[in-house]
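Shared chain: subunit A. Partners: subunit B in the first complex, subunit C in the second.
Coming up: the complex of A and B.
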């Protein structure tokens, strides 16, 4: 086991050295240093094992053993506009498209943006006037406790998306960031990175999508950082529908300034093993966040969500609703922590996790946690695991509905609370379809 | 000082020391210590084996200092006296032979042991440091076939029962403190309710630590045979010492078909002073096994004392249709720390569990609920409902909830709900405008908050618990 881990680390090290040498001239020195530090951190900690409390229910052994290798810069997959059309949200008028982690300018569109707003890939941004923004936010002293996945992402920080909203900028049409996995010659490890900086009083909607063009067995290790300025508002959708052979590890961190609003909705449909770590820091008074999500998994899938809602300032509000539908031999993990610091008086935090088990082989491990060190607060959390209500079923059947149909209707209804919240028609439609497909598949069995 | 603050600072009234000559063994822990304890108690060979096996396990184990939400300096296990007993005649034919000083001590604690003053309807086993000094109503219970005696006595008189059940619910290698207890336990209570017997009175054990250098390691074993029914209550106090003392107990409950055990605790060990100096480390393993069909085990605890509480009374719901319950009020004030909760392991079909936990933190204290509800694949139709509420008094304390829910059966239904808040201004205002004083209003609200748990306690103790809570909180609300 130890030997395996060492081998794994050294294979990343080799690719890392190649990348550092390639980039030595064209990328800023601070970035190269940052990557080196992160690589050292990764080599020190490796991938987390189930001995670590936060990874108790999710075994990443398959990734360690998976022989994934970072994609070389010249490994180009032939993909035209027609091939990606199916993955685009028509509502979005600007988009960045990455294929196996590599930015594809010819598939992207960034011209329909208000003045001052920047939506650019990192290579362009590093060369342009916004290098200072990247440096200010990416090169911040990182958390010394950062786990192996985050460290590895930082070590391979090269391609990524920058969304910069200057003071007062209002972007009405959503901005889509699409990360596609396409079958490649090697089992690819890709390290997407997204930085969203919303200056005061700005507003935008971001759609972060992950998808596979085929049944590719890829490893995505993404890190997304969102900074919401004073009175700014960021609406963020993360839609993950990678192939059922894929591994998807993602981290989303957001930090909110005074009266900033962050609204995150995550949809997890794909991947063999997915893990989404969320950290939202309500750092100044009056900030408010929504962190909602739906995971829909079937046989062979494992979906893990870990979130930390960190109330460090008074008068902040957080809402969290996560729902899960588990079918076949699937597994889901939910771990949500709400932390209220000593001075965060008048905090209002609500958290709820509901799970619906459709099969007798599905398994759920849920752990909602409250850690509270201020007294004038209102905090509540709840978690449920169960199957459809007999009474509700009976009611529908008594109205003449077939039992299977009644079951599906109720399952659909269970998810609807979250589907309804989505403001973007195309995502809503996709999700509806995914739910109905899963239900129809059940009918045919 | 605001009135709620006034409400919490009442003196610990059980903090006195009884001046009595003790029979002590030298401090320190080794195989020799264990042989000595075993010899002092004239134990049969199998008990010594049991202890030594536990001790060897313990040596290999690691103290759980990382995962619980508590901090304390390392305990020096070689600096504890593992056996301390008040000097007295070996056998007590009647109460008259018990040292009057001891009787006086227990009377002062509100536990009269002499025949004429005994609490009607409650049989008491009084444990002083390492030994049981008296057990009341023994003869009367015997008529019904109920065995209620000190653990040491049970080892000598009912070795077969002990052999059959001891360590079957909490194995000697279960956890660090359980292993330590299994190696060095000195006394405790033994209860055996035979088939079909409804125990005619409440049974209770009163634990008292008196010696400042000793730890207390008691062992309780309760067995309810088919259709038997028993309600058991324990209470505990200790004098005020500046030094921390270790209390590591193990309680095992076994319920066979249709049996029911109700176990209530009112824990009021010395909690240390306002700065957190002194007090008892209460590191306890309590577990019940619902082995039979339709059996039921119910834990009720009111935890108000101890510098640190580390305790998770649990139920293993093995028999089909068995029921596990956990009702808890945990109050922490000043520098107290509590990490307490329960585990409900659903194994049998249609097993049900119910958890109601109420945490109150005041002062600089830290109060955590940590619980596990686990539904195994075979537990068809399992049902759990959990409610954890926390009340914060003051802005220097902490309240945490760490529930683990693991479900592997889709016919199971598990619900968890938790809230944290402070005493509502509106409720206070309502009571105040009815002419109720601030202090009484707060006390009313807190008692209301804990009502779901208090009503599970036997009558006399419910009253006691309410009083205790008021006393403990005196001065902290405002």
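Coming up: the complex of A and C.
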């Protein structure tokens, strides 16, 4: 058994050694060291198993045994602008496109940005004046709690996206970061990394998209870090619609300075197994965050969301609304913790998770948690799991709507609150279609 | 148009309708009155096809078709409409969106062109005037946060849009103040014509001053115990239901224990 585990790890180790040797001369030494430390950490902890409380309901065995190979930089897939067009948010005027983890300059657009704003892939950033930004934020002392997936992402930290907003910069059009999985000769493991640094009083909207061009059985292991400066505002959409054969493990960590605002909306439609770990630290007074999301899964899909909203300072506000729609034989996990530290007086924290089960075979495990150590706070949380209301259904049907259409309309009504929150038309439309497609699938049966 | 023959129905194992017979012809307005709990709403729900209500015997013909064989949505598309006593709130589904879908389902059924959202908006605006409904309510969720009166108006607005052949209005007058009652009644009168029929379910005579029925029936303990013209409603207003109850107990001593 030990030998088995060692062998799996060493397949990553072999790829790691090759990568380190390749990069020895072109990447900064601090990065090579950071990766080495991370690789050691990964070898120490391995992938989490269901024995770990946080992974109780999500079995990553298929990833461990999956024989995924970190894609080498030269394993390029032929993909043109036409193939990519369907995945682009037309609202965005700048974008970085990565295919199987590899940056594709010819598919990207980084003009049209206000002076001083940087939207660049890491290779470009390492070579330029913003190397110091990467160094300052990426090479921070690593969290001892970092799990195997995070460690592996750091070990393979090579390609990624830097979004840097200098003080006062206002970027009105959204910035899209698109990570595409395309069928390749090997079942690819890719390690996207995103760093967003919003200096004081800056503002921008980031669309982080994950999609597949085919039915690829890929493994995406992404880490996104967002630093929101004083009075800065970052609006962040994460849209995951990878193939239903894909594995998607992602971590989003955000840290907010005084009166910073972070508004995250996540849409989970794809992957056979997806896990999104979210950590938002309200580190200074007056910071405010929204952490909202919708997961919509069907037969064969498993979607897990784990979030920690960490109130370490007074007068901060957090809002969290997660909704789940589960059809067929699907499974979802929601675990949301709001942690209010002793000094975080006047915290206002709201958290809610609502689930709609469209089939008797769907299952959800939800656990909203409040841990409060301050005494003057306003906190509320709750979770619901329900089915479509028979009386609502009858009301619609009694007006002549076919049962399927009525069910669909009620399902849409359940999600509406979140759909309405989305300010990007193309994302909204995708979501509408995703809900509608489920109806068509049912009508065809 | 509607022929109910010796209808028996139960809900949650309890027999509620115990032999209702009623014939409604095109162009007629029938009022069904009766004390609370006599089965008026049950009759309305059975006609609309609510799944909780089980028909144990009897038959219902609608334009010669066996109504009870049709699914609730088929009944609606055939032209049966129920204005609910307690309209349901549906969060997240806009009135306009829902009504357009319902309207288009019916158009499709009749082999007519569907209306796009803009065309439908115009139609809805025009029909909303019939019940003096604020068009702003149309972009809001179905009945959500509506006052009691707005909910009832919304039911009649739906009737105005869907133009049913048979409309069953269940206590549409309850919870309305006198102004709203007048508006809603005038709306219903505008929708009344020679080709459709209306069944008004009401507890009070008040509504019938505005919408004058051709026939009045009294439902008591699941049976129609008395039928007459509009003067029957006036007699009920004057004397209450007690004399009807007494009469019914005398002529049907087994009714209570059946």
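Throughout what follows, the second predicted complex is superposed on the first by the 442 of 445 C-alpha atoms of A that agree within 3 Å, B and C clash if a C-alpha of one lies under 4 Å from a C-alpha of the other, contacts with A are read in each partner's own complex, and residues count from 1 in each chain.
Just so it is clear, contacts are C-beta pairs under 8 Å (C-beta built on N, C-alpha and C of every residue); 3 or more make two chains touch, one makes a residue touch a chain.
Note that the structure is a prediction, hence the values are computed from the model and not measured.
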item: First (subunit B), second (subunit C), both or neither touched by A:40; value: neither
item: First, second, both or neither for A:215, with subunit B first and subunit C second; value: neither
item: Touched partner set for A:410, first subunit B, second subunit C, both or neither; value: second
item: Contacts of A:358 with subunit B and subunit C, given as first, second, both or neither; value: first
item: More subunit A residues in contact [subunit B versus subunit C]; value: B
item: Touching partner for A:402 - first (subunit B), second (subunit C), both, neither; value: second
item: Touching partner for A:390 - first (subunit B), second (subunit C), both, neither; value: second
item: Of subunit A, residues touching subunit C in the complex; value: 389-392, 394-403, 405-406, 409-410, 412-417
item: Residues on subunit A engaged by subunit B in the complex (per definition of touch); value: 53, 342, 345, 355, 357-360, 362-387
item: Residues on subunit B engaged by subunit A in the complex (per definition of touch); value: 67, 375, 377, 390, 392-422
item: Residue ranges of subunit C in contact with subunit A within the complex; value: 48-51, 71-73, 75-77, 81-82, 84, 87-88, 90-93, 97-99, 101-102, 105-106, 109, 141-142, 158, 162
